[in-house]
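Down below is the structure, laid out as structure tokens.
Letters are used for the chains, namely A, B, C, D and E, taken in the order the chains are written, and counting of residues starts over at 1 for each.
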Amino acid sequence: GCGPKTTTATTDSTTAEATSSDPAGSDSAGSGTAEVSNMSGTIKINGSSTVAPISDAVREKFIKQYPNVTVNVDGAGTGNGFKDFQKKATDISDASRPIKPGELDACRENGVQFIEIPVAYDGLTIVVHPDNDWVKTMTIEQLKKIFVAGSEAKKWSDVDAAWPAEEINIFAPGTGSGTYDYFREVVADGEGESLRNDMNLNEDDNILVQGVAGNKYSIGFFGVAYYEESKDKLKAVEIVNPEDGTAYLPTTENIASNKYAPFSRPLFIYVSTASLPRAEVATFVDFYLENVSELCEKVGYVRLPEEIIAKGRENLDNEAIGTHFVDAEGNKRSGPLAANFKAENLTK
Amino acid sequence: MSVPKALQKREFRSTDLSVLVERVIVFMLAACALTTVLITVGIIYMLVSESAGFFSSEEVTVKGFLTDTEWTALQSSELENAKFGILPLLSGTLRVTFIAMIIALPLGLITAIYLSEFASKRIRSWLKPTLEIIAGVPTVVLGYFAILVISPSLQLISGGAFATFNATSAGIAVGILCLPMVCSLSEDAMRAVPRSLREGAYGLGCTSFETAVKVVVPAALSGIISAFLLAFSRAIGETMVVALAAGTLPTLTADPTRQAQTMTGFIVEMIKSESEYGTVQYYSLYAVAITLFLITFLMTLVGQIIRRRYQESYQ
Amino acid sequence: MSKVKARAAAKASTPKALAEPDLEYQARNSKRREATSRWFYVLCVGIALLSVLILVVLLVSIGYQGQSRLRPSLLTNAHSELEIEQSGMWPAILGSLAVCGVCALAAMPLGIGTAIFLEEFKPTNKIARMIHGFVQLNISNLAGVPSIVYGLLGLTVFVYMFNVFGQIKVNESNGWEIVGAEHYYQVLSLERGQVVMIPQADPEQRQLTVTEPTVGVDADGNEVSIAIWEPGTPKPTDPEVRKRTVRKGAIGGTITERAWYYFRLPFDKSFLAAGLTLALVILPIIIISSQEALRSVSPSLREASSGLGATTWQTVRNVCLPAALPGVMTGAILAMGRAIGEAAPILVVLGAAVAKGTGPQNMMDTAVTMPVLIFNWSGRQQDEFRELAAAAIIVLLIILLILNSAAIYIRHKMQQH
Amino acid sequence: MMTNDSKQSDDTILDSGRSASTSEGSSVSPVLSDAGKQPKDQTADSRPGSGAAQTLIEIRDFNSWYGDFQAIHSLSLEIPRHQVTAFIGPSGCGKSTLLKWINRMNDIVPGATAKGHMQIRQDEGRADLNILDPSLDVVSLRRRIGIVFQKPNPFPKSIYDNVAFGPRLHMRLTKSEMDELVQWSLQKAAVWEEVKDRLHAPALGLSGGQQQRLCIARAIAVGPEVLLMDEPCSALDPASTLAIEDLIFELRSQYTIVIVTHNMQQASRCSDKTAFFFEGRLIESGDTEKIFTKPENKQTDDYVRGKFG
Amino acid sequence: MMTNDSKQSDDTILDSGRSASTSEGSSVSPVLSDAGKQPKDQTADSRPGSGAAQTLIEIRDFNSWYGDFQAIHSLSLEIPRHQVTAFIGPSGCGKSTLLKWINRMNDIVPGATAKGHMQIRQDEGRADLNILDPSLDVVSLRRRIGIVFQKPNPFPKSIYDNVAFGPRLHMRLTKSEMDELVQWSLQKAAVWEEVKDRLHAPALGLSGGQQQRLCIARAIAVGPEVLLMDEPCSALDPASTLAIEDLIFELRSQYTIVIVTHNMQQASRCSDKTAFFFEGRLIESGDTEKIFTKPENKQTDDYVRGKFG
């Protein structure tokens, strides 16, 4: 693909022209860099704690150019972010999973319209203790045995008889998190299935790292960024891709190419259309899309393919309202991002 | 010595103004005092009204809340699967508190004896500030101290018998936190024991140990007990240390090597968690808070009763 | 007759214990007891040293982790996701100061007032005494309430205010704005990144479409005339002109310029709400320590003053308060130390966000505080953040040390008098 | 608060003061307000006869309690104007309690209650002022009846501010008037010479005896009529004791003085009348000489001879 | 800690006790250790003559400081055996300070230091015991020299436990021996009749006078030779004062008593010798009668006549 520099430049000129509220785009090349913007205002963002570092990174870069704009980034979790969003308390909602049908309904009821924009990939990493010499790869089925309520693999040997007869210690993010939701969706996808409730849950991923690193018979899962920083203390499990039957590690390439399926998950921002007429919001979202690919890597995530970013920008420019992950009947669409993120799937 | 003009004139200020000022001030001060009552009313109102959202749910019964042995409000996002039995949280709280008290009470008391009976002025003048600094260490810091220093040390010593997050390391950190409090309150109580009693003891040929243990401590007992109770309340209500170091799994056990989510730990997890506001699980935090409030209130009452009962006899 | 009794007593035979004392035992016993006493002394010293040791271990382990990050940038910069090494805690220091300032302003008058009421205006009749006793019990109870419960109270009372003033919404309402807010439409000009501001006349109208030249204001509040550029016609080239020119049909959304004294109900997640919540936490501490300070004022001074015909309040203001002031201040400073290190209620009220580059800009602005920043940093996956957290802890401890030294200094001064 | 309805009684006190001042010259005692006051030229060393002095404070059938404990039982006593009355009796017999009721200091003691009659005779045919009246203006009462305690209790302020404390509360004075008043009070209390060079030094730096005289100066600076003294010398060294006894002797011509003492010799040296209390009861009262030489009561006799107490 | 090296002096004390006890029967006072002790059959009401009594404690050139403040200046005094010595003098003259040095109570006062000689005469030609010896076994010293304070200070325990407190420290007794000892001590202190029915009630429930006698009982329960009393009656009512004075009178036959008092009459009533202190110095000492009737010193005369203090 293109280097980050060129990307920025192109997107800049193409989109700025089209953005309804930015009339000056075509002239940007010649001027503007010298003078600090006099734009002011407050932008409120809440939602996924996974996405929050990305939004925060964007905010950080943004306010260098627009120092009078206040951007509040809160990371109360995807679900709570949408709650605020529905109450019109935020301009932008960060999400580590697509909006759910129920949340969409609530938005409709309150007259909240939004534009859905994927911003990065996260690889949901399943980790074990480095001294764990029996697990190298795992299938979804094996994960089901460990994580789904009712399947009751209390010991490793319950999953595979060759594995030690030691109790499994599970560390997982909190139930409200997008990460938990996503994992449950993938692993406990059956009717009435849910994740078991004797896991050690913690919102603080660092605590999860500590937890898994502290016990030989533990397993846990969280975002790839945390794994990257603790590679010495943890071992990532290769996950067998149900499509091609090969096991992949959550490397950047595997995540970006969706080989690390089904645990490559996209991260989104949802932008309220009511806020877009505000110059500061429009400028910020624009800026977000310009810079996110570069910045998300800095905070440990994987950049999206250029087409998807471009598609998101197009949606923004066209005010293409709605989500791609709920169908007209109000059912959830699942599957890879690229498959769903199409104009024809858009549901208002 | 002629009488000064002021006294010849004898024009004394009318007292009406000062009487009025007095009234206004008393009114304002009473309003301040009333505010403290309002705070309590506010707490009770909030806890009751919010936990109504919990207790009114069909999935929850008061009996179940008090007797069930599982608490999975954070683990189960589906209401049907969630179990709301306060006992595991209570057990976690008690384990941590118990361990904290094992640390804080003897150490605090002995340090207090040292300070009030033995320490020279110079030693007091640096030991007390040292203790005050410990008392002032933010609890977040102590929480990380527990994770980074205490817990690994325990694991090292025990050969790995301790879980990474366990009741003991949190308890020790909470104990460290309470120690200065026990110490300074007990010391106050012991210093309030009149000198004459010490003199009486020494006059009979007591050694300093005997004076301290047989006379001063018994005489200061009500103060010491209320210091203990206060430390107990503090330990029960301590939040950040347990949120960080005690683990997040509610377990109903007496095993101090295992995780122990406490009541406060649960509240903070629930607040931080992305569990949605308004769900029964979310409201359960108010039910836990009300339990916590009742326990600390009980402690206060017991403390007051002890103080009333035993302090009077000794004045 | 007591003489008779005494004589009878003298005649009573001396008990065996005194008549034939077991002197050998006494000798041994006396030595053993002396030894016990000495051992006990050693134990005391040991345990007292243990508490010092704990502090030392704590400081050393933190210092070891944090020393590499103790540099000026820690104090001057803000939290940064992009340049972690350059992250700093300046906004958090400002935030903590602001929150604690609010906390002190709220808790001290209230606490000292309550203490004065309880200590100096002792009622004489029975019912009033019961009320006094009740308030006193209530305060002891408040002192035992966990700070997280205060956090929950602060959330309900200060942040949302029971929703009686409506909710804060981004494009509709800001609750009840009372003072310090000016509303404008912000419209992008032709110059990139530059906007023009048009005062908002109708609070209901949330958007403005600019179709003809109008009058706006610049940053200093001076009026400027705004020109219109019809798409299709040539754009002006002079940057100064472009700055004052907007595209025809451009849309402006409202923004609120907030003065530092901007005041609004409900407080929402603002440092004001956080400060008030912390005030609840330390109020009982301040009351109790002020009561103690007032109690320690010699009653003879009170008697002297009222003997001269001072009213109770005059006595309090002229005699008791000045004499108790060092004690009150010491208590207050120690309470502030507690407040500055308190994380749980702030997490409840403000959340755990640390993305803020400045201290609070107005009374309704959010704030990052030091304990929350430490909490956040030490929970991050990057080692740098954890080292930064340790360094931030050192800074926080130093601030606490300064506060404590102030308290000790004041106490020392007091003892001299 | 017992200050309701205080207007009338307030005026009573104030008028009695003012009417005096208008009719007298500057050499005249400012604190005398009664029509029949003693001749001004009474010399300091004239030991007043123990003849029928005018009664200033009349106590009848007075009882006082601390909570449930009755400290004073049905006590009747008259305190004569412009004389020194000594209260003697063993510890705990209620001397201080009675003294503190005379200027209602017991108002600030929680649980202290009283029943009975305690009145100040007013001049010019005015009705007596009931000290125990709950609606009485105690502020004016205490200005009018000053008190000095056993332990010197200067405020932790400068010497000047100590003396000026009362006047600042009650009067509006110019700087020079205040200076004059402070100097006069300190002179009157026989401590001026010792402190005049350090008026702005802290009062706590004075010796015990100086502090006690400062407290007396502070008490007279508001122009009281009566001075109550609760064992004013018991914490002092012999020299200071002598100084204060001399002072009492001086002040007697202008003030009505009530002094509580444990020292029999002191009582006999400096009082005109003596009242002996025992266990909350007045056992005997009368001219000092009589009490110390031929008391009627056996207990009094035992006490003044040092058999107990 | 001054207990290093205490062996020698420790033994000294104890041996002196043993030699006495072995030579006497049960009716004999166990506390007397000297060869030339007074006849046991001395009747209680015999007022001892003021003749040349044997010296028990000898104080020579004694100085004492609290920090930098010198409380006692070069004081010399002999305290006779089996007599009552009264210390008198105005407040702050150093009476209590001296008293507290005699059984080294000042060890527990931070900053208290002493210089000079203070010795207990030992029997049988033994060398005198140096009270100020830093290596002295103060625990035994204090057992041997009991002290009673101004304010009764019973422990907040039962009456029985108060008296048994000392014996439990120093001796190993059976229950019945302890009972006997407690009863004997309470009888000796003339309080047995009043408390015998409530030995296990809290001591703080007693009246002040009873408490003070209880403290005396507590002090004599460990079998001291000397009893130091620091104003033992000044907080008491007349009846209790009388009871304690009687008691002192009784105890004199078996104990050497030093009493500090403010009450001249008390001193003259119940002491054999009197020492008058002023400003940290011994002004005059001698037979009580002489001090009170024809003192040699003017200050003494002034003081005993109540001219100051």
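Just a few scattered comments:
The rule is simple: a contact is a pair of C-beta atoms (placed from the backbone, for glycine too) under 8 Å apart; a residue touches a chain by one contact, two chains touch by 3 or more.
Here's who's who by UniProt: B = Phosphate transport system permease protein; C = Phosphate transport system permease protein PstA; D, E = Phosphate import ATP-binding protein PstB.
Because the structure is predicted, anything quoted here is derived from the model rather than measured.
The chains in contact with chain A as well as with chain E are B, C. Counting only chains that touch, the fewest steps needed to get from chain A to chain D is 2. When chain centres are set by their Cα atoms, the one at the greatest distance from chain C is E.
The most centrally placed chain, judged by C-alpha centroids, is B.
Once the centre of each chain is set as its mean CA position, chain B and chain E turn out to be 48 Å apart. Spacing of chain A relative to chain C, judged by their CA centroids, is 36 angstrom. Rounded to whole angstrom, the centroid-to-centroid distance between chain B and chain C, based on C-alpha atoms, equals 19 Å.
Centroids built from CA atoms put chain E at 41 Å from chain D.
Within chain D, the positions touching two or more other chains are listed as 139-140, 143, 169-170. Those residues of chain B in touch with two or more other chains are numbered 18-19, 22, 26, 207-208, 210, 272. Touching of two or more other chains is recorded for residues 33-34, 41, 311-312, 314, 352, 378 of chain C.
Which chains touch which is summed up as A-B, A-C, B-C, B-D, B-E, C-D, C-E, D-E.
Chain contact summary for the complex, chain A toward chain C: residues 20-25, 27-28, 31-32, 35-42, 44, 52-53, 55-57, 59-61, 63, 65-66, 70-76, 87-91, 204-207, 209, 225-226, 228-230, 272, 274-275, 277-281, 283, 295, 298-300. Of all the residues in chain B, the ones that touch chain E in their complex are 120-121, 194, 196-208, 210, 214-215, 218-219, 313-314. By the touch criterion given at the top, residues 72, 74-78, 81-83, 147, 155, 163-165, 244, 247-249, 259, 269, 272-277, 281 of chain B touch chain A in their complex.
Chain C makes touch with chain B in their complex at residues 33-34, 36-37, 40-41, 43-45, 47-48, 50-52, 54-55, 57-58, 61-62, 65, 109-111, 113-114, 116-118, 121, 134-135, 137-153, 156-157, 280, 283-284, 287, 311-314, 334, 337-338, 340-344, 347-348, 352, 370-371, 374-375, 378, 389, 393, 396-397, 400-401, 403-405, 407-408. Residues of chain E that touch chain D in their complex: 90-92, 234-235, 237-238, 241-242, 263-266, 302, 305-309.
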